[in-house]
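There are structures below to look over.
What follows is a pair of complexes built around chain A, which joins chain B in one and chain C in the other.
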Partner chain A sequence: MSKTQIKEKEENETPMVKVYIMGSSHEVPASLTIMKAIEYAGFKIKRGAGCRAGFCGACATVYRKAGDYRIYAALACQTQVEDGMVLTQLPFVPAPKAKYDINKLSPTGNTILQFYPEVARCLSCNACSKVCPQDIHVMDYVQYSLQGQIKKAAEESFDCVQCGLCTIRCPAEIPQYHVATLVRRLHGKYEMKSPDTLEARVEEIEAGFYEEGFNELMKLSKDELRHKYFHERDFIDQKKA
Partner chain B sequence: MKMIDGYPDYMRKSIENVNKTRAKRLNEVKTDLTEAERKEVLDNYHPDYNPKFKRDISWGPNKGDNVPNEVVDILEAYPTVHPDDVDLSQIDYDVGVLVIGAGGAGNSAALWALYEGVPADQILIVTKLRLGDCNTVMAQGGIQAADRPEDSPLIHYLDAIGGGHFDNKPELVKALVGDAPKIIKWHKELGMMYDQNEDGSFLEISGGGTSRNRMHCSKDYTGMEIFRTLKDEVINKEIPYLEFSPAVELLTDETGRIAGAVLYNVETKQYFIVRSKITVLSTGGFGRLHVAGFPTTNHYGATADGVVMAYRAGAKLRNLESTQFHPTGAAFPEQIVGLLITEKVRSMGGQVLGRDGEQICYPLEPRDVEASSLIKCCTSTDNYIETPTGMRGIWLDSPLIDEIHGKGTVEKNLSAMFRMMKRFGINISKDPILVYPTLHYQNGGVEIDENCYTSLNGLLVAGEISGGVHGMNRLMGNSLLEINVFGRRAGITAAKEYKKKVKLSGKLTLDHVRKVMKILDSLDLKEKRYSPIILPEYRSDAVRDRLVQLYEQEPTW
Partner chain C sequence: MVRYSYFPGCNLKTNAKGFEETAIAVSKKLSAELVEIPNWNCCGTVHTLSTDNMMRRIAPVRVLSRSRKHIDTLDEETPNEVVTLCSMCNSTLKIVNDEVKHDHDKLEKVNYQLEEDDEIYKEDMEVKHFLEILRDKIGFENIAKNVVNPLKGLKISPYYGCMLLHPDKAAIDDVEMPSVLEYLVESLGAEVVDSPFFKLCCGSYQIVDEDRIVDSQVTKIVEAARKRGANALVVACPLCAYNIDHQQKILKEKVPGKLPLPVFYFTQLMALALGVPLKLNHFEDHHINPKPLLKELGLSGGKK
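And now, the complex of A and B:
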């Protein structure tokens, strides 16, 4: 099959768009995500694909559109191609992560400044928030962190997939997504106390409270288990009560 | 095609049916299936029970096991790296504990090996892509732990073993459910943000096949919250890790004890040799093999490399006849077909509906039963919705959740789902989601005992790669639990073994691989395949037809 025949065949099946992958033009089906379009065009991705579902941040993509001065950013696995997109993938983000012993910290603004003093350099330009593919108000949580509002910072940053686009855009050179990890851990550990029921259950288990029950269940044949499962699943609870 | 709020015009009529019946359905309870009814849908509609998707393993310890064709394909395959092409006398990394695979199980194992006394510089984590490119990070719904007074680990035990068709290994289920509250306690010490109610109790919901509310969650980013915290801790503790360096073969010493691995750097294409006293295999599952032709929820590297490596070394497998198809993968829009629509949508009250807007089944059956019921509706009735690309799906009524729990609940508690669909113009707090089952999880794998020992000396296994924990079907929330419970146990066992000061005997060898190659030679295979496959192939045929190799070849022989 000649090159033109291949092209015609594909065109009959689905509308195509032209995108530029690192400057080279490629015709790809209009229905694809950026990630699938890159693969369709012949690239076997090594860096730039992870979960392929919008959770891991491996596929941060920066692009421009024809006739538009703006810089856009997206996750390649979660964004459909458009005609005229000029795409590049971010293979890696060099962002220093502070090392700390979470057991020896307090949930305060000073802790944040101790490990990430650069948060004080925030210019409030909001470039981080504008670039975030999760639409997180990144600048806001940087400011909350600086102010020691750990809970607000943790909650605002919660949906972060750590793609690093904010860090690449930041003129103050703040590694926002690492700051976010620290504030979430501080909040999760020091400000969200576990209910007593958890500790009580752990103590019961460690004291062997359930051993006899386990032994009884583990001795049952498959048929006995089946009967218990389908007809008596509440019995254990009643017995305990 | 005219689109209205993200859906094609022609689907709107069916969506109107869904909207019309919602008030009536608010208090409508569909009863769950009896044992006989469950059997009927499974036998007739679950891909596991369809012989055309399976064949027998032709060699090795599990010869005769009837498993998915795609699994047999990678077992009936020659090594991607030929044993003659690597020099085993040059050892690049010499460590106490090698952890292969850096998902939730691998990172838990490394951390617990450290906690139990293995020095950080005696641990090495190796991973195919980045630290954290794994299924853990994409697990949404939650993690089970029976920590409420009205619940008990014993009820969790019965739920898990019943969901698994009573084919789970009892001692593994006991470990799973008995350790669960300890795992939540550990996570809280690390600073994970599990959702809590205003009174401070954990927000706990139910899942398919569970009889109590015990699913702890962090919105619908539970796996991400767990993983990014574990990753942060691994880096804080300065445990060494190598990225883009998957293991492609296990090594043994001269007694046959597992003694390390051959790594392949996917970027530079070099190999590296790791010698280790203890090896933990935690490479995850097989979603990217696209069993039975299904799309998958899994991450890019889920190609069952670990199963191949372990089987070549002689490990016993178990329950690989069983594959989990998640009931609700996205069926529309086309860009995200097969991606996970978390079970939490149903846990919070979302019902599954046909074209007519009526419930088709109880929404929280164990996953295999639920998936089969949905497949039944789409293949043996006309009560389905067809997408513009010819795919069939049913409605998952997400707006009902706001009706039950109050306006804004979907956007807040299911923010990942809300965001994903919004990217394609669909507002799931107003419109339902079109779904169809998708390949989700490898129920079986390398057989382990409760301390993660395998049938091979020196090899521990933890996580989705293992077999026996879930029997023939895993329940929601038991995989995030499993990777932590058995990752932790593998780390503790590794530390115990490390302290025995094991001496490896003589040289490292790949003799077991050579033996396998001879067996394969004798099998008269129709197609010459290579494995582990490392990454799936998604380049278009038009490109692949024109591939030429210059200066270097893949594979190398």
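And now, the complex of A and C:
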């Protein structure tokens, strides 16, 4: 390799980093997110990619860095690659999910223990909070749930995207994010005031207010639908109306 | 007004709401307000006897650390003390605090887990039961001065249970001759009825699957108090309260005839005597309703 060749490379190409994807090494542009780096390396992500914008929680990823003993976790679509990263995806988390009829429960700690008795095993080690890519105080909301402080638990867990990383790390084997769903449902159903506007809208729907419009749409051909979608839909006009 | 960092424990938010709400109300009346730690976690429940199980010691040490941080948000005169109401929490926290203060290897291991959370424990806390605050900081004379409805006619048998007096490290009073509940009950204008079974085990967690053990213990405890003329019991532990209160209801159905004795938390008696609104007692959560007795003695009025 001559000197001129190296210079050309520096001028024309983005800086590259070396990452290890499930053990094999790949050179990827340093500006990519973990998710894009995996795809750049030639993998097709079938499961473990969703909104690609940090909202859906489908792309939990676990990694280590060169020369660092710690285990790190993040959302693959939100995290930039670093040189020496050892990566893997966590496309699915096996976690027990309780079945219940939300209309037949009470917003208490006992309800939580009935469906998720392992909550009482919490050791307060805080591994769940440390791993959370949303920076939620996961252990705190698990404790609030156990204490029957449903409102506090619902508010603390509100930003959860259900990536499941907490559940994988928990030494007490608690499915935290499912517990969080239960507390938010309990809070919504039994403790929050139901908004009047929502009730009015549900009544309208149930009374068949939108039925006619939907039926009209359903009768349209594909071309007519396409025309409506691209040419008749105008958000600005709708606002004025 | 001194404000204290207060650790509730899970029972105070579920089965023993009356205990917590009356405690906070009387603490304000006595200018020693209990202020809840905003982000407290489980005390660790039953203290593990295996000396190398450090995982089970993270929870209590984290409580001490978080309470210490909470104290920084309170007043200058707030002491470095975390105040508990539940005897079990008090016992577990006291034992672990003592352990890590005397064994730096243990403390280091636990702190290593707390380091990343910026919650390292610096051995700068003491654990106090609210009864200790009442006895040592506020004083029974001071409590007596604040009584507006003396509890005349109530004949109270104090029941300590195990956790307030055992083990040594966690004891809040003399293990064979405790007196704190007796003095408190007297200062509220009620009569003290001594019972030899003041610390006979209530049956504890046997309630989960061997409730006949609890039945036999509760029968002994209650009968001993009744024979000596008591018309109610006073306790400091939500588990003792549950066992004695709930199992009396079951026993009443099995062995009809004897009237059960209502069970009060010490803070509920204080609330009655200091004129705190009656509803804070949450008597609806009791299995043996204390209201008929209070009505008979003309004590249910409180301050209307």
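The working rule: the second predicted complex is superposed on the first by the 183 of 241 C-alpha atoms of A that agree within 3 Å, B and C clash if a C-alpha of one lies under 4 Å from a C-alpha of the other, contacts with A are read in each partner's own complex, and residues count from 1 in each chain.
The criterion applied here is as follows: a residue touches a chain if its C-beta (ideal position, glycine included) is under 8 Å from a C-beta of that chain, and two chains touch if they have at least 3 such contacts.
These numbers were taken from a predicted model, which means no experiment stands behind them.
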Touching A:222 in the superposition: chain B (first), chain C (second), both, neither? first
Classify the contacts of A:194 with the two partner chains as first (chain B alone), second (chain C alone), both, or neither. first
Using the superposition on chain A described above, determine whether A:130 touches chain B (first), chain C (second), both, or neither. second
In the overlaid three-chain picture, which partner chain does A:97 touch, first (chain B) or second (chain C), both, or neither? first
Going by the contact rule stated at the top, is it chain B or chain C that touches a larger number of residues on chain A? B
Applying the touch criterion given at the start, work out whether A:108 contacts chain B, chain C, both or neither, answering first, second, both or neither. second
Contacts for A:171 in the overlay, against chain B (first) and chain C (second): which applies, first, second, both or neither? second
Which chain A residues contact chain B in one complex and chain C in the other? none
Taking the touch rule as given, give the residues of chain A at its contact with chain C in the complex, in rising order. 108-110, 122-126, 129-130, 137, 139-140, 143, 146-149, 171
Could you pull out which chain A residues touch chain B in their complex? 6, 10, 31-33, 36, 39-47, 49-56, 58, 78-80, 97, 99-103, 134-135, 154, 158-159, 161-162, 181, 184-190, 192-195, 197-202, 205, 210, 213-214, 217-218, 222, 225-226, 228-230, 233-234, 236-237, 240
Applying the document's contact rule, which stretches of chain B touch chain A when the two form their complex? 34-35, 129-130, 132-135, 137-138, 146-155, 157-159, 161-162, 166, 170-171, 174, 178, 181-182, 184-185, 188-194, 196, 200-202, 211, 218-219, 221, 223-225, 228-229, 232-233, 235-236, 238, 244, 266-267, 297, 299-300, 334-336, 339-340, 415-416, 419-420, 423-424, 535, 537-540, 542-543
Note which residues of chain C are touching chain A in the complex, please. 8, 10, 13-14, 39-42, 44, 55-56, 58-59, 62, 113-114, 116-117
